Every structure is written in C-alpha cells, then in structure tokens.
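Chain lettering (A, B, C and D) follows the sequence in which the chains are written, and residue indices restart at 1 in each chain.
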Amino acid sequence: MAIVHNETSTGVTCRVADVRKAIDRASHPCLFMVDTISSLASIDYFHDEWGVDVTVGCSQKGLMLPPGLGLNAISAKALSVAKTARMPKSYWDWEPMLSTNKVGFFPYTPPTNLLYGLKESLKMLREEGLKNVFARHARHAEATRQAVQGWGLELNCANPEECSSSLTAVRMPPGHDADAFRKVVLERFNMSLGNGLGKVQGKLFRIGHLGDFNDLMLAGTLSGVEMGLGIAGVPYTKGGIMAALKYLGQK
Amino acid sequence: MAIVHNETSTGVTCRVADVRKAIDRASHPCLFMVDTISSLASIDYFHDEWGVDVTVGCSQKGLMLPPGLGLNAISAKALSVAKTARMPKSYWDWEPMLSTNKVGFFPYTPPTNLLYGLKESLKMLREEGLKNVFARHARHAEATRQAVQGWGLELNCANPEECSSSLTAVRMPPGHDADAFRKVVLERFNMSLGNGLGKVQGKLFRIGHLGDFNDLMLAGTLSGVEMGLGIAGVPYTKGGIMAALKYLGQK
Amino acid sequence: MAIVHNETSTGVTCRVADVRKAIDRASHPCLFMVDTISSLASIDYFHDEWGVDVTVGCSQKGLMLPPGLGLNAISAKALSVAKTARMPKSYWDWEPMLSTNKVGFFPYTPPTNLLYGLKESLKMLREEGLKNVFARHARHAEATRQAVQGWGLELNCANPEECSSSLTAVRMPPGHDADAFRKVVLERFNMSLGNGLGKVQGKLFRIGHLGDFNDLMLAGTLSGVEMGLGIAGVPYTKGGIMAALKYLGQK
Amino acid sequence: MAIVHNETSTGVTCRVADVRKAIDRASHPCLFMVDTISSLASIDYFHDEWGVDVTVGCSQKGLMLPPGLGLNAISAKALSVAKTARMPKSYWDWEPMLSTNKVGFFPYTPPTNLLYGLKESLKMLREEGLKNVFARHARHAEATRQAVQGWGLELNCANPEECSSSLTAVRMPPGHDADAFRKVVLERFNMSLGNGLGKVQGKLFRIGHLGDFNDLMLAGTLSGVEMGLGIAGVPYTKGGIMAALKYLGQK
C-alpha cells in the first residue's frame, strides 16, 4: 500500500494513521509506504507511531535545500522482507547504504555539499523549533484559505480537515483557464504558481507556502495572485488579501 | 557647495540642476559636490550635464552589492584644483587611484570580490535597461505613496515633485512613537524599517524601495507596515495596501 | 555489452573503438553501453564515431560540479529498441525526459542549481578549449607517472597506451599496506588519496588529477605523496617530485 | 611613533616590545602605533603587554576574509589623548564607533557580510587553536627559507630572528629582473608572486604563506618558484623544493 502524505497536485493531506488502521482491520500483510516529499519538515509526521514501513522524503521542499537527497525511513518489517525478497533491485536496495553508513561511508559518490546543507537546515529547524515550524505552515495555509474565500474562489480540497499546510490548490471559475492566469502572474510579477496536473490541468492553480517562508513573503504572494486575477480578467471579489492580513496581523 | 541628491533620512530628492544654476547666478567659484549614495542606479542623474564637480556613490544601494566600494566622478575643474590645493589629504587624494588605475592596478589592496560583483550588477542593470530601472523605482515610490495616503498618514516630503523614488519617509500621528512601531514590525514580521534621524527621531519611519526589488516584494513590505500599524495601535485607515495594489496591478 | 571508458579503480582507459569493432566482427546485435563517469570532459571521447549506443556521464568529475546530474547520450538504435522492450523500467525510461525536454521542461523536479553550474562549467571548458583541456589532463598524467617512476614504485596499468589521463593507480611495495599509507597522508596533509577497491584493497592507492586542476596543484599533490611515503616508512627513492617538476617545467 | 609589525614589502618582523622599551627609555610621551596588517592572526602579537597605544589590523590577510574591515585596538592613553586633541579628524575619530557599538550599532552602514565572515574565521582560528596557527605559519616560513637556501638564493631579511612568518622576500641574483621572473610564473603557472616595492623593485620577489594555507599548498607554491627559476633562466641550484619537503615531512 503506497500513499502520499501531502498531495502536491491537489493540496490534500492524507490521514495516514487511518489508512494504517484500515490495513490492520483487514489484517492485510502488505508493507505500508508513504511519500512525504512535500510534507517532511512542514507538516507533522509520525513514521513509527503511524506504523509506516517505508517513508520517503527529499531535500528540496521543507528541508529548504536544492534537490538531490532522497531520504528513507524503514521499519524492521520492511528491512526483514527486503532480505528475503527475490525481485531484482538496485536503486531500491537499502543494504549497501545501511552497511556503509555504519562505518561513515557511502556506497557511491555522496552529495557532500547537500549533506553540509542538511546539517545547516536541521540546525535552522531546531532553532525555530519543530512545533513552531509546523504552526507557521498551518498559519500560512489558513491565511491563504482566508484570501481564497475573500476572493470568492473555491478551494480544491473539499474537506477542511484535509487541507494541506504546505500548499493550497485553488479552482478557477468555469470558463477561465488557470494556465493563462498563471502566465499573466509569471510575466507581470515574476512569480511562478503551480499548475493543475492531469485531469485538472487548466482548471486549478496552486499556491506554495512551505519551507523558508514568512508572513510578508506570503503577503507578497497573495498580492500577486490578487493583482493577477484582475489583470487576467478572472471574476473575483477584491480584497482577499485583506482577509489574509487580518488573520496574519492579529495582536 | 555640497548637497545630497537623495536625502536618505527625509525621503526628499534635491533639484541638483537648480542648485548649479544658483551657484552660477552668484558667479561663485566653489566646487559643487553631490552625494548620490541612495540614488545612484535608482534615480536618474547627470554628473556632466548638471555641472557637478565631485559626485560620490557607493556599492550597497542601487548597485545591489555589499558595502565596500566608494565611487567618485570628478570634473576637470576639481582635478585641477586638487593639484594646487595645499590642505593635507590622504583619503581624499585621487591621484594615486587615477595613476594606478590607468595601468590596471590599485594603489592598495583592491576589493576584488566587489569588483566582480560590480561587473555582474552593471550587467543586470543593462539587461533591464537603465530607463526601465528608473521607471521601476518611480512606480514603487508612487505605489508606496498611494498606500500612505490610503492609510491616512502623512508623507514627510511636502513637495510632490521632490519625493524620492528610492525611499519614502512617513510621519507618525502625534502621540505615537515611530520607534515603538518599528520595533513591532521587526519582531512580528522580521522587517527592519528605517528610523527618523536627529530631530525627527521617533517622529517618522522610512520605507526603502530600491535596488533588487520588485512589485511583490513591495506588496509584502507594505503589508508588513499595514499589519504593524494595527498591532502597534497606531490610528490608520485600513486598506492602504489595496490602493498600492490597484496602482501596481493596472492592466 | 557494457564497458567503462576510464576505469576509476584501476587507472586504465579502455579502447572503446576496438570493442565496437569486436562486436561488429562478431555481428552481434547487442547494444553497446559505455560509462564515461571519470573521463567525460577529461579524456577525449566519440559517442557517434565509436558507434556507442548508450553513453552515461555525470557532473562531479571532469565537469567540475557537485554530484547530482546524470547525463545520457543515446543512439537511434537504442531509442528504437527501448520503445519495443518489454522489461519493466522507470529509472532507465528515457521517454518522459525526452518528451518534456523538447518543450523546455523536466518530468520531475529539475536540479536547477546544477544546470546553472553546468552552463558555467561548459563555458569554462570552451574558454580553455577542449583540445587544451584534454592535453592538460594528459600532461598531468605523464608528470604523475614520471614521479611514480622516480620513486621506484610500480604503476598499476601495465600497458602504457592504456594509462588513464584522469587518475593514476600506484601499487604498494609488497608487505606495505596502501590504506595505512593513505591514512598517514590524510592525517598529516589533509589529502585524501583513492583506495584500492575489491581484490586490490590495501595493495594500491590512486592519485586523481582531473577537473579543475593545474600544474601547481599537481605538484602539491605529488609532494604530499612523496612526504607521506617517507613518514609511513614505505621504501622509495627520494625525488620523484623532481622528475615531475622537470617534465612540467620544460621551457 | 608608528611602526609596522610585519613588513609586507621586505619580509621583516619588527621587535615591537624593544621599540616600546626605547620609547620608555627616552621617556618620550608619544603615542605608539603599530600596523599589524600582514601579521594579525598569523604571528603572535601583544597589544597590551607590549604597551602599544593604537594597533591597526585588517580582514584580508590572516583573518582569511575579503578586504573591507579595518580593526583598531586602542589604549586608554590613546582614547584620552583623542578626546582633547584638536586636530580635525573624521576617518580617525573613534568616538562615534565606540558609542554606537556599545548599543549594538554602527555609526554608518556596517559591512554585515564581513562581520558574518569574521565570526566564521574566528571560529576556524579557535578550532585550530591560536598557538597552532602561529606554529603553522612559523613552520611554513622555515620550510620556505630552507627552499631558498637550497636554491642558493639570498633571503632579503638579514637577521634570522626577524624573518617574517607570513611572507618571505627573496633577492634576485644580480643581472636578473625579479619582475620578468614573476611574469613567467604568472603566465605559466597562474601564480602571482609579490613584487619588490620602491627601491627594491625588480630586485626581489615575495612568497606569501599566510592565512588559509597548508603544507601541500606551500609545496605547490615552492614548486612553481623552482620551475619558474628554470624557465626564466635564473641561475639556481635544483632541488630547493626537496629541502622544504624534508623539513615539512619530518616524522
């Protein structure tokens, strides 16, 4: 069973613990793998408590680094299964990494530059405090949703409890092309909004608010969306940014 | 006669050409020196046309570099006067720099790192086009003034024709301390606003909008001011940011 | 048929064109794949002329970048075979990369930082001239061999025509541990020499001389080896470094 | 009384304490100023113990940073004299710096980038240990002198006790131009040796060995000098580098 903790393309966060419970209720022996690419270090996550067997993460989102590091957390069960599995594997073979890491080495050329970067980004996260990091992402997500509501636009995530803290996907009003709108924002304001993927292409755009990000960067981001809506001729209610500022600027 | 082209502490731009005319009308033989620290590469300037004898500039504002470079433009008259002047000088002695520069050297340790940086920042300015650079600064200054007017606050620069394109000084309502407000903005939003200097200390704050700066960075900046006014309990009209966005987001 | 152009672990360069001829003589339909990890941009290479189907390279050797980029050159034959091949593949599936590259995109998160770096390293290689780059590597390899001969040590590569231009593997005298020697050099001189891999572990050490490297860096490197031999008590003839300098310092 | 602790142009270190004693013996009331530009953090120095009134240092030598920081240590006597002195001063006026530093500020734009760099370089110096840093510079200077002696060339500093630990000035044999030799080394090996200044121009060259520097960098440097002497046709004894390696490579 493989799921995504935070769905980058839709802005929806999965209830990982509930999926684990469903696997258990069915007494299914499958391994449980979770992709935390766009949630690691932005949204709280519990590999052990949630009974995940394989968690994959990366360097280029919440860890605030360039792409290049893939991080795996592996349960005892997964390690044990891997030893007896007979499917051919190389890229997914953990053994060479585990055995060489123990003595301070890598089985092949290590991205030393990114490991130094990781040391620094972990230091930054600890300085802010993980609890504060997660709270910051949640605040920015709520402020973004307040802005979206203020504009009279629709969130892509229908269930409020499952809205992502690291990005917000916004549906375009029918008859308006999200990609044309994104192009306007890119050209006028040098800001690259995420696009709709697959069957929602052109139907939604995505606002990222994760990693090395603060209130005024979000305010700038939402200002770009608000101005872009006007320039692109998308029908919206002015002042969504004011709703976000009201929320962010509480005493 | 020494004046400042763009007064960093008050947000006022001097009419350099008019000062030159006044000197000429008085047939005064003085040298005319202009400080362009906070205007060079942000507000158009004409050393030769305006008859300036010594123009001083720096690396850390419009040229978008760390501090460390001082730049001098010198008229033939100033060079000639310097040769016969008998006041002791070392720091202000241009001759060693001029003679060694001719053969590709510096009279002492050159800040090579900043010279490489200068090469790059000049390239960036040329890519954007100096005309566009100046227009961008003027737009950001106008958007800032629209926001200030929207908040019902008073600009420090009384004469609209002399308002600076690189920073805007805003007067605090009587009875409110600009430095207490600045402290709120720094602590809550990690944004450092300029303070009032000398006799206007505590009575005004300054918003910088120069150098490597774009519309959304300005929108973030003005959002921080708007939220800070609310948090600090300064009386203001909400929505100044909307006036700025209206101006910046014109089709 | 998969071979390595430049064998990093032994310091031997393969005669790729001859391998191709052997495949052709046998009229074998196999694809021909060559690994240029430690030769690309250091030793001349001809993907098309040599009839290679798949060439793999990387960013972290001759291209002077951090690790993170894998580069593939693919023949028309290989592309065609890949289309009809029915083995499951994802990591080795070229199609998503080829189709998105055409329109200026990546099928997943691109290492933008390394692409900027690649732009710069290609510029540097062109400024020096590829012919000069290859000649420089050949000179440094020859100087290193002169030093090894001067020390009375044995090259690992028996055939002079196949000696690598990017690294030189040196055999330790019997009874002496190459890894103990390498440890001395690392601790005393902060220089990390390559180790012997697999069945030559402890029996040879490797001197890298590729990428962003010049005569005096090589002289420093060889000086570290010469001093390390003495400190580690390895029997050697003093003055190998003099042989290298004689070669490098020719008028 | 103003002296230079380490004379960059001659490679001679002054006996600062002895100069202080001479001033005291003469009961002269003068302030004692010492320039430590090329010695600070490379050669041990005692502002207080040696009774210096004003010590000036910089960022770009032993502190391993770009140029841009000037550092002053000031005695109580100097501070007191400055308060009553009536000579006009601005650049040398310490008061604005002292009073603003107390409250965490600078009287003008601070080179924040260099202050971050200074924090890091001080950390590096403490990690190595100042005693070890000074010993390393002394070792490199001695190795360099061994090489110079090996080449049969003459040191510029006649008194062995006053030889600088941060650079070594070498006299050219009569009839040979030091600058022609330096040009050869620069063009062939991309290494810039210091030139003779003033009346020794063309008569000596200088080898720097300070700051972020280690044994193999020195070996590369001396190799460049040895090869350059041969290419430039300067009469010398081969193998000076071997004398340096013998000294550096002691067990």
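One rule holds for everything that comes next: a contact is a pair of C-beta atoms (placed from the backbone, for glycine too) under 8 Å apart; a residue touches a chain by one contact, two chains touch by 3 or more.
Being a predicted model, the structure only gives us computed values, none of them experimental.
Chemist: Relative to chain B, which chain's C-alpha centre is the most remote?
Modeler: C
Chemist: Would you mind working out whether chain A and chain C touch using mostly the same residue numbers, over half shared, or mostly different ones?
Modeler: Since more than half of the residue numbers are used by both chains, the interface counts as same.
Chemist: Distance from the CA centroid of chain A to that of chain C, rounded to the nearest Å?
Modeler: 38
Chemist: Return the distance between the CA-based centres of chain B and chain C, expressed in whole Å.
Modeler: About 53 Å separates the centre of chain B from that of chain C.
Chemist: Could you say which residues in chain D touch two or more other chains, in rising order?
Modeler: Correct list: empty.
Chemist: Could you list each pair of chains that touch one another?
Modeler: A-B, A-C, B-D, C-D
Chemist: In the complex of these two chains, what residues of chain A are touching chain C?
Modeler: 58, 60, 66-68, 91, 109-114
Chemist: With touch defined as at the start, can you tell me which chain D residues reach chain C in the complex?
Modeler: 188-191, 214-221, 223-224, 226-228, 230-231, 238-239, 241-242, 245, 248-249, 251
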